[in-house]
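For reference, the structure I am asking about is given below.
A, B, C and D are the chain letters, set down in written order, and residue numbers restart from 1 in every chain.
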Amino acid sequence: MWCLGVGGIDMKQYILDIVHGISSIAKGMWVTFTYLFKPHATVEYPEVNVESMLPPRYRGILQVDMDLCISCLACERACPIECIVIEDVKGDKTFVTSKLTQKPTPKVKYPLRFDIDIAKCMFCGLCVEPCPTGAIHHTRKFEGSVTNVADLTYSYIRDTDIELAEKQVELLANKKEKEQA
Amino acid sequence: MNFETQYINDRQMELNMGPQHPSTHGVLRFIVTTDGELIEKVVPDVGYLHRSIEKIGEKVSYHGFMPYTDRVDYVSAMTANHAYARSIEKMANIEVPKRGHYLRMLADELCRLASHLIAIGTYPMDIGAVTPFVHALREREKINDLLEELCGARLTYNYMRIGGVSFDIPQQFVSKTKVFLQEFAIFLDELDRMLSENTIFIQRVANLAAITTKDAIAYGLVGPNLRATGLHYDLRKDQPYACYNELDFEVPVGKGEQGILGDCYDRFIVRVEEMKQSAKMIRQIIDNLPEGPIIGKAPKTIREKDTSSYASVESSRGELGFFVVANGTANAHRVKIRSGSFAAISMLEKIAQGVFIADLVAIIASLDLVAPEIDR
Amino acid sequence: MSVQYLADAAYREEVLLFFSRVIPGQVIEAITLFATVAVFFSLMVTPIAAISVYIERRLSAKMQSRIGCNRLGPEGIFQMVADGIKMISKEDFMPQGADAFLFKFAPYLVMVGAFVSFACIPFSKQLLLADINIGVVYLLALSSIVVIGIMLAGWSSNNKWSLLGSLRSAAQIVSYEIPLGMSLLIPVIITGSLNLQEINQFQSGGIHNWLVFYALPFTVPAFVIYFISALAEVNRTPFDLPEAESELVSGFHTEYSGIRWGLFFIGEYHNMFLISCIAVTAFLGGYQKSAANFPFVIVSLFFMFFITFHILTFLPKLGFSLFQGKNILDMLMFHHPKPMRRWLRIVCLILAVVVSILFYINHAHSNMIQVVTFISKAYFLVLFIMWLRWSLPRYRIDQLMDLCWKKLIPISFICLCGVLVWVVLI
Amino acid sequence: MSVASPIWEMFLQKIDSATLLEHASLIYVRVVPKDLLPALTFLAKDDAFQMDYLKYMTVIDWEDHFELVYHLYSYRTNLECCVSVEIARENPIVASCHHIWPAANWHEREMYDLFGVTFSNHPNLQRLLLPVDWVGHPLRKDFVEQDHFNGVSTTRNNVVKLPSAREFES
């Protein structure tokens, strides 16, 4: 019907190419066809509560438990971006049970200001490691969108901490008077 | 790079491809002089993602620099951690326990899979097939979930510390990884059927921008791009580190199945084979994880007196090395990062001559360039 | 047999009388023809293009293990409306330095090419707008208007990328018209007439009368060549070079936005439906009754019932909540509960099967049944084109040309000679 | 490959002004600027070394002088070494070695961009990473960043240091 190899094109290779072309395209398309019957792998974010799906070690936005914080400034030194700022005042010695070792750790300094600039924080977790009492830790919150960047500077000090600091300063002051007297 | 658009002649025009262009991976820009379809000259213009991580290295302590190494190659961040940690350990000769090595290898291989999934996902998308990209991302999400469980982050892990790793594996991590490996095998088989034998894909990609081994070495090409040219060189095999000598795996090398050796198709196939090898390695690692501590004794603040050390790791884009010079203070004096994509893009000018614009997109995708690694 | 069903309305005589003193007869004839085409269009074909936009999004999502648009209305059906409103309400600016008149004129050319060529497609025995006795030539002529439109768009938007895209598409469409013309000649030779209605009448009777199987070794490759080159005509994957997202940003309609871009978008989906209509009339036995129609009719009836049932069950809820004063937007984000959705699907399927059997029994009498079978068969090819788009990579411009000149044209020559010999001998 | 092996002896006779030392298992070849190029070509071309792979080139700023480091490796003989040379800080000029390793082309442009080291007979010595009209070379120790570049301020006020940080509703 058509003698092979006429006109410089190898007829067998020509047909083989077409057959191979059609078969490989058909194989590829069969894969997409089978996906029509497989369930979807995506999750509808606002409806599904993604926070509950996150694993326990998830490094989300930081949270500081001020009762445990002994203001040792370990986290401030460890942070490579320096986005933690702590101002504290020396007071009477009290004991706080650390969350990590359940042993009482002495608390000498009392923080008056504890701010973290979450906008600059890269959630690297280097501040959580050196904390002796486990005060600073990651939560599973990750939604950090705000209208004004300054709103992302979280300050963790509460009024009770400031009163506690003043009380301890007085205690220390009159303890010193008692020693001099 | 001064770019007043000269008017070359009535046949040529200068085309600006990037930095906002759908198929330049990350923020890269290519000044293309072309006559419409055929490209006469390509000049890459980089530096849009230059954060000067090397200058930050001089301002931050040794431990504090670790999160910045994730940002050097955010697609496979674990290998950057591993390279930096090895460089500092080599300088301050800190011992890493065996389990620490195994966990590092596990994290590296998982990250290599995730990075190659991005590479083989975006490659066909630039050529037109959109579906494989979405399936590759679905598999990558599973790996991200595993790594999120391991160290708490999905992209910039900051998992390794100088002297070991920061977390041990959680309870059902081993069983979850096994389930992932089974699903991954199914995905790899689908990928072969969908892409590796598809004639349109092969026609578009075979015999395109073939690189010879001599040129590759001269331009400093590394990793899958170098192995695709036929050279059997892999840091994990030739300069084994972190107990890689205890794992058995082969190093896939380009064979030139569809046309010239070292063409775009070989680079694609070498990455697909590497993923199979990595999956095999992960199975071996989680099967015989040794007991013991996960981090060695590393001093709180490392102070080294005028020594310098270079250590490199086989990242998914080739040799990623950190050259650290110490000057006795708590911060490094100089940190130089050697990355694979930097060499690949310096070679683009030579290999992308006289190709079509559609091919230039395919070449960029086949070299698996990533902007942060080039600009650091 | 030149009576047009719709155009034969009573008002035609008064219109003729009133205008005859002012405008000659043929011009009025043409105006009334185009008027009916426009009316027919807004009722019949544009909703099909809108539905295919929605179905393409859901189908591509399913193929990529995603969900697709399911927020607006039950199963996301109102997404079509939302797309339409967005296209109309978005601002369509013109780039600086663009050639104003050509920039504005280009979309209309592309739209006209797609819309007007529906005039000679026979949807059923009576529903045929213009019984042009040179139907096939009319179609081929119109497809070249689309080329002019695309080139105008590319040139006038003063952007190197779109110029590249439009030149590519010009080369592609012009060179693929030859295999298209060749393969469309084959039904013309077999039936002996250019008029699509007669081509269709020729294929009456069961599946064995379809033209695809008429001269088997030659007409089947001819159908395949027709389909491939029609894909290239319409710039659909694997030939979507003119608007290759990953290289040329988005080809000739990069600089368009708003309703101008919408015209291109609608034009593309109309073209897709058009080439499948031609394929069905010329090769797969148009609206003729045949047992092979069952799968096509069942699928399309299922879609129709699926959409109507969801809207019907949604309306009372909408009315009730409007009565309660809830704002409309929350209501639009309405989902049926999961069991009810499964139930609705099962009911739709059963109903589709029953109705398709009814259609098969009294097929010849009613005109509406023929229209439904024709559209469902054409729509099956549209789904196939969508399936192609989401699983194949794209050709390069020189491979495209190589495929056309070295493979499609020789084979279509062979088929044409084969059919000539076949018709003469048998 | 320790320092005392015969190959390095042969290298020392060839380039007499070189001194060898070892940091963290990496051999350093300190060379005088005058015979930098002969040393590099010898290491690259000699069949005992065949260092055909230039890993990277970098400059270390020791406040009073620059140290230029070439890290070489050879695939055939698996040898690795760092050639380092001391050059002046004020407008240093070094011979370009892109004819030996084409990879050096872009590394030299980066050194010019970030340190200000000019390489003679380099095909296209322009800034690689920074914009064309950038003033100064950032990686030098004495680099002071201007607070405006083309009218865009380059500093962001540190919100945390301000006293009025807002309350966090936990």
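What we mean here is this: a contact is a pair of C-beta atoms (placed from the backbone, for glycine too) under 8 Å apart; a residue touches a chain by one contact, two chains touch by 3 or more.
In this text the structure is predicted, and so the values were computed from the model without any measurement.
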Graph separation of chain C and chain D (steps between touching chains): 2
From chain D, the most remote chain by mean C-alpha position: C
Approximate Å spacing (C-alpha centroids) for the pair chain B, chain D: 23
Whole-Å separation of chain centres (CA-atom averages), chain B against chain C: 45
Where chain A and chain C are represented by their mean Cα positions, the distance between them in whole Å: 51
Junction residues of chain C, two or more chains touched: 63-66, 390-392
Per-residue overlap in chain A, given as positions that touch at least 2 other chains: 25, 28, 31-32, 35, 41
Multi-partner residues of chain B (each touching 2 or more other chains): 131, 138, 194, 198, 200
Pairwise touch network: line, ring, star, complete, or other: other
All chain pairs that touch each other: A-B, A-C, A-D, B-C, B-D
Of all residues in chain B, those that touch chain C in their complex: 13, 15, 21-23, 36-37, 124-131, 134-135, 138, 194, 198, 200-201, 203-204, 356-359, 361
Of all residues in chain C, those that touch chain A in their complex: 59, 61-67, 387-388, 390-392, 407
Interface residues, chain A side, partner chain D - complex: 63, 83-85, 113, 115-117, 119-120, 149-151, 153-156
Residues of chain A touching chain C in the complex: 18, 25, 28-29, 31-33, 35-36, 38-42, 44
Chain B to chain D touching residues, read off their complex: 1-3, 46-47, 50, 52, 54-55, 90-91, 93, 217-220, 231, 233, 238, 307-310, 312, 319, 321, 323, 325, 333-334, 336, 338, 342-343, 346, 350, 375
